[in-house]
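Here chain A shows up in two complexes: once beside chain B, once beside chain C.
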Partner chain A sequence: MKSVGWRALLVFAVLALVPLVPGMSRYYLLLAFDALLFGAIAMSLDLLMGYTGLVSFGHAAFYGLGAYATAIVMERGVLSIWVCVAFALLVVGLYALVVSYFATARRGIYFALLTLIFAEVVYTVFRYTQAFGGSDGIQGLPDATLLPGVAIDTPLRKYYLVLAYLAVAYVVCRVIVTSHFGRVLVAIRENEDRARFLGYNVQRYKMGACMVSALLTGLGGAIYPMRSAFATPDLMLWTESGEFIISVMIGGLGTLVGPVIGGAFFTILRDKVSSVVDWYFIVIGGVLIVIVLFMPRGLLGLRRLFARRTGGAAA
Partner chain B sequence: MDYVLTVLLPQLLHGLVFGAALGLLALGLTVIFGLLGVMNFAHGELYMLGAYAGIVVIGVTHSFWVALIAAPILVGIVAAVTEVATLRPIYRREPLYGLILTFGLALVFREGARQIWGGDMRRILPPFTGSTPLLGMTYPNYRLFLLAASSVILLALWLFFTRTRAGIVVRAAVQDAEMLDGLGVDVRRVFTLTFAASGALAALAGLLLAPVFTVYPQMGVEMILLAFIVVILGGMGSMGGSVVAAFVIGVAQSLFSLWMNPQRVAIAIFGIMIVVLIVRPRGLFGREGVLE
Partner chain C sequence: MILEVDDVTRRFGALTALNRVSFAVDAGQIFSVIGPNGAGKSTLFNVVSGLFAPSAGRVRFRGHDITGLPPERVNRLGLAKTFQITSLFPEISVLDNVRIAAQSRAPESGRVSSLWRRPDVDATAGALLEAFGLTARRDAHARDLSHGEQRYLEICVALATNPTLLLLDEPTAGMTPGETRDATALIRKVVLERALTLLLIEHDMSVVMGISDRVAVLHFGEKIAEGTPDAIRSDPRVIEAYLGGGDD
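Then we have the complex of A and B:
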C-alpha cells in the first residue's frame, strides 16, 4: 500500500470534500460522477495502452457488458449493489477471458482490430436482441441498495459510490504498475522479443494486464446504471471506445493520473460545450487534433515515456 | 432453377456491385496504410463527403455526370489540405498518433457535415432508370452501370500502378519510403497526392453508391468497419488483395442476407474476420510479418 503515496491520499481527501463546496448542485454532483467514472475507465485503459503498449479499441464492450449485467440483475428486482457488481465482474471476466486470449496472441494494429471486432459482435447482439430492449436498452431502473434499506438514491451517495470505485481502480493500477508484474509489462512494451528471450511468458503477462483492465472497466460499467437508471447499446459502440482512448491521450499515456484528468476534462468539456453549442463534436475532434499535433504527451506530459522511441510498437 | 434465376443470381449481382464499390473504398485505405502505417479512421468520412459534395454539385448543375467528376476533385482537395495540415507534421511519430488524429478528423468531418447539411436522410436520384433483361432476369440499369464504372476504375488503377512511373513511385513508397527519399524523390509530395487520390476514390465510391443507399452524416461510420475488414482480409497494404477481398465480402454479405437477418449477417462477417485475424493475420495476400 505504500506505493499509493500520501499525495494520492490528499487528492482523494480533497475529492471527498467536493460535495461540501457551496453551490454544489445535484447537476454538478452528477457531472462529477460522470467525470470521475470516465477518468477511472481511462486509467484502466492506460494500464493496457500506456504500460503494456496494447491499444484496445474494444473497451466499450467491457463497459457496456458491465452496465447490462447490472441492469439485468436490477430489472429482476435484485437491488443489492454487491450482487450487481459480482454478476457484472463474472460476465465481463468471462468475455474478457475469451477476447484477451485471442487478442493478446497478436500485436499492434491486429490487437486493436481484434478487440474492435469482438466488441462489435457484442454490440450487434445487444442492439438487436429484444430481450435486452433492442436499441432502447433497459430503461427506468430503480436505485441500487448498498445494504438492505440503505439505497444509493441521492446524488451525494452516488458521488461517493464513484469515488469508491475510483479509489479501488487507482489502488489496483498503482500496485500493479509498481510491482514486478508491472515492470515486466513495461519491458514488453519496450521490446517484446527481448522480454520473451529473458524467459517471460509474454502472452500470459499481456493477458493478465488485459484482464485487469477489462475487469476494472466492467466495474465502472456496473455502477453506471446506478446513476443513470439505464443501459443502452450505445455504451458499447466503438466510438465510445474511441472516447476512452481520447481521454487517455488527453491526459497523458502511461501516467495513470493523467488519464483520470483526461477523462474528467473530456466529460466536462463535452457537457459544457454541448450546453453552449450544438456542434460540440467539432470542438472535441479539434481538441484531439491539437493534442496530437502540439502536446503528444497530454496534459500531464511525462518525460520518460516515448521520449526515446520512434519506431512503431505501440499501435 | 427458378430459385437460382429469381433469387440467387440477382443477389449475387448485388454482391458484386457492392463489392466493386467497396473495392474503391478499401483500395485507398490500404494504400494509405502501406504508405503512412495509419489506419485512416477518417476514410469513411471522405466517403460521406463525396456523397454530399455530389448533392451540392447536382444542386448547382443538375447533372449527375458533372458531379461524378467534380465531387471527387473537391473531396480530393479537402483531403490534400488535411494531409498537409495534420498528417505531415506527425510522419515520424508512432502510428498510434495517426490513428487517434484521424479519429479526431472523423469527428470534425461528421459533425461538420451534420451542421452544413442537417442530420436527415437524403437521396440522390439515379441518372437513369429502367432495367435490362439479363440471363433470364431483369436487373436495374443503374446497378449495372455502377458495376461497370467501378470495375473500369479498378482496372485503370491497376494499369496506373503497374504501367506508369507515378504508380511505380507510389508502390516504391509503400515498400520503403526512406529509400525512395534517398533516391531523390519528393516523398512528401507523393504522400500528399496519394492521400488526396485515396480521398477522391472514397468520394467516388460514396457518390456512386448514393443512388442505391441513402446519404446521411453517419454513413461513413457504417462503411468504415466493413472497409477495415476488407483491408485485413486482403492483407494489410496489399492492393490486389483488397480488391479481391472487397468482392468476397460484398458477395458473402449479399448471399448471407438470403438466409439470415441483417444482424446475423453482421455477426457472421465479424466472425469470419476474427477467424482470419487469429489463424492468418496477414490475410489472403499480405506479406508475412507486416506489422505483426
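Then we have the complex of A and C:
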C-alpha cells in the first residue's frame, strides 16, 4: 500500500514491541489497549469531523452497539471473534444507514443534533428496558477465540487484538483520504454548494463517510468486551461521544494520526489523574483549555514548530 | 436551441423576484442578461442551474426538462456556472480545485472503486490553468490568490466539468476597468475555442455590448427588452430602466 507509507510501518513496528518494554505489567498492557482503542475510534471520527466537516455527537451509539453485539453473541456461547465482529458490523451498519440517511439531509448543528438524538434513543432503549440487562448491561463474558482452541485470554493477546484493529482502521482511513472519494469529502468540507454545482451528489458522499466512520467505530466497540468482559449502557452515553470529539480536537483535526495520539493522550491522562483524585475532570478540563487556546491545531500541530512543512489537513 | 426559459416566475414570500420571464439561447451564442441591481439576474441563474425551483414556468436544456432538478443533476447534463461572490475550495491548492471539478467526470466517480483510486485529470486541469495564466500559482491555496486570479479560477473550475453551456455570473465583478477588458477578451477567446454557449449576467454594460450576440434586459423581475446589443443600446425602456433606476 503505497499510500500508507514507511513511517506508518515504523510506528506499528514500535507499537508491536511495546509489550517488551521492561516493567510492562498486565495493568499497563490493558491501559495501552484502552488508549489505542480510543485513539482508533477518534481517528474514525476524524474522517467525518476533519475531512468532511461533519461533527457527530452520536458516535457512542455506534461504539456501544458494536459492544452489545459482541456481548449478545458471546452470551449465547459463540466465542469466535469473527462471528462477533460480523454481527457487530451488521448491527452497526443497519443503524448507521438509518442515522446517516436522516442526519446528512441536514447541515451543521442540525446534523450534530440528529446524530445525538438517535444515539440518545439507543441509549434509552438499552438503559431503561430490561431486554439487554438494563443498567447492568451484559456482564461476565468469557474470552473470545481467534480460532477454535485459540483464546484471546492474556493481556498480551488482547493488546495485539487492539493493535490489529488500529492497523485495519488506519489503512482504511488512509486509503480513503487519499482516494477520489476522500478528495470529494474535503471539497464538501470546504464548500458544499460548490461541490453540488460540480455534479457531486453531496448527500451520498456524506452518507458514505458516515457509514465508514460508523463501521470502524462499531468494530472498535465489538472488540471492547473481549478486553472488559462486559457491555454496559454507559458506553453509549453522550459524554462518550463528547470524549471522542475532544480526542480529535486534542490531536488535530483532519490529520488521522493526530486523533490517535489525542485519544491515547486523553485515555492515559484520565487514567493517571483519576487514580490520584476524584475531581479528575477539573484537571483534564484545564489541560484541554490550554490545548485549545494555545494549540488550536492540536498536539500534532506542534510538529510545525520543528518543521516548516505545511498542509497535512487537506487533499 | 440549447436553453429555453419558458414563462418562469419565482416568488420569495411576497416578493416576486422573477415575473414570467422567457427567452431562448441558441447553441454557440453569447447571450447576456443585464439589468440594474436587484433586477432578478442572479435569481434567474439560480433557477436555471437548479438551486431554486421556479414557482411557475419551465426550463429546458438540450431537450431535457430540468425544471426543479437539483444542481448536481443539472451540472451532469452539461451546464456549469460560476458565482457572483467567488465560491472556491479555499484551503486546498489551485490545482486541486480544478482537479476535483474535472474528476467529477471521470469514469471512477460515484463508483465503489473511487474509495481507493484517484482518476488522473492532470492534463485537463493543467491546460485550463495554462489558458487562464494560473500555472505559476498551481500550488498556492485558493484563498491566497488575488481577487482577479480567484475570478479566473472560478471559471476554470466551472470549465473543468466540460460543460456545453457556461453560466457566468458577473465574472468581472470587483475588477478594475483594465482587468475587466482583459478578462472579457479572455472569456471570449475561451468560449470560441471550446465552442461553448455562454449565458452571461452583467451589470457592466461595456462588457456586454462588446461580446454578446444577444442581450435581454431584466428590470424588477420582468424582461423589458431583448435584442442585439445595438438595438438594446437605443431602446428607450432600457435607457429609462438604467437612468431612471438611479443605479449604476
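The rule we apply is simple: the second predicted complex is superposed on the first by the 301 of 315 C-alpha atoms of A that agree within 3 Å, B and C clash if a C-alpha of one lies under 4 Å from a C-alpha of the other, contacts with A are read in each partner's own complex, and residues count from 1 in each chain.
We adopt the following convention: a contact is a pair of C-beta atoms (placed from the backbone, for glycine too) under 8 Å apart; a residue touches a chain by one contact, two chains touch by 3 or more.
Keep in mind that this is a model prediction, so the values were computed, not measured.
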Query raised in the report: A:D136 contacts which: chain B (first), chain C (second), both, neither?
Result: neither
Query raised in the report: Does the superposition put A:I289 against chain B (first), chain C (second), both, or neither?
Result: first
Query raised in the report: What is the contact status of A:G242 with respect to chain B (first) and chain C (second): first, second, both, or neither?
Result: first
Query raised in the report: Touch check for A:D153: first (chain B), second (chain C), both, or neither?
Result: neither
Query - Partner contacting more residues of chain A (chain B vs chain C) - result: B
Query - Which superposed partner A:R194 touches (first chain B, second chain C, both, neither) - result: second
Query - Shared contact residues on chain A - chain B and chain C - result: 314-315
Query raised in the report: Contact residues on chain B for chain A in the complex?
Result: 37, 39, 41, 86, 89-90, 92-101, 103-108, 110-112, 114-115, 221, 225, 228-229, 232, 236, 261, 263, 266-267, 270-271, 273-274, 277-278, 281, 291-292
Report task. Within their complex, state which residues of chain A touch chain C. Result -> 175-176, 178-181, 183-184, 186-187, 190-191, 193-202, 204, 313-315
Query raised in the report: Residues of chain C touching chain A in their complex?
Result: 49, 51, 70-72, 75-76, 80-81, 83, 87-93, 96, 99-101, 103-106, 108-110, 114-119, 157-158, 160-161
Query raised in the report: Which residues of chain A touch chain B in the complex?
Result: 55, 102, 105-110, 112-114, 116-118, 120-121, 124-125, 127-128, 238-239, 242, 245-246, 249, 278-282, 284-289, 292-293, 296, 306, 309-312, 314-315
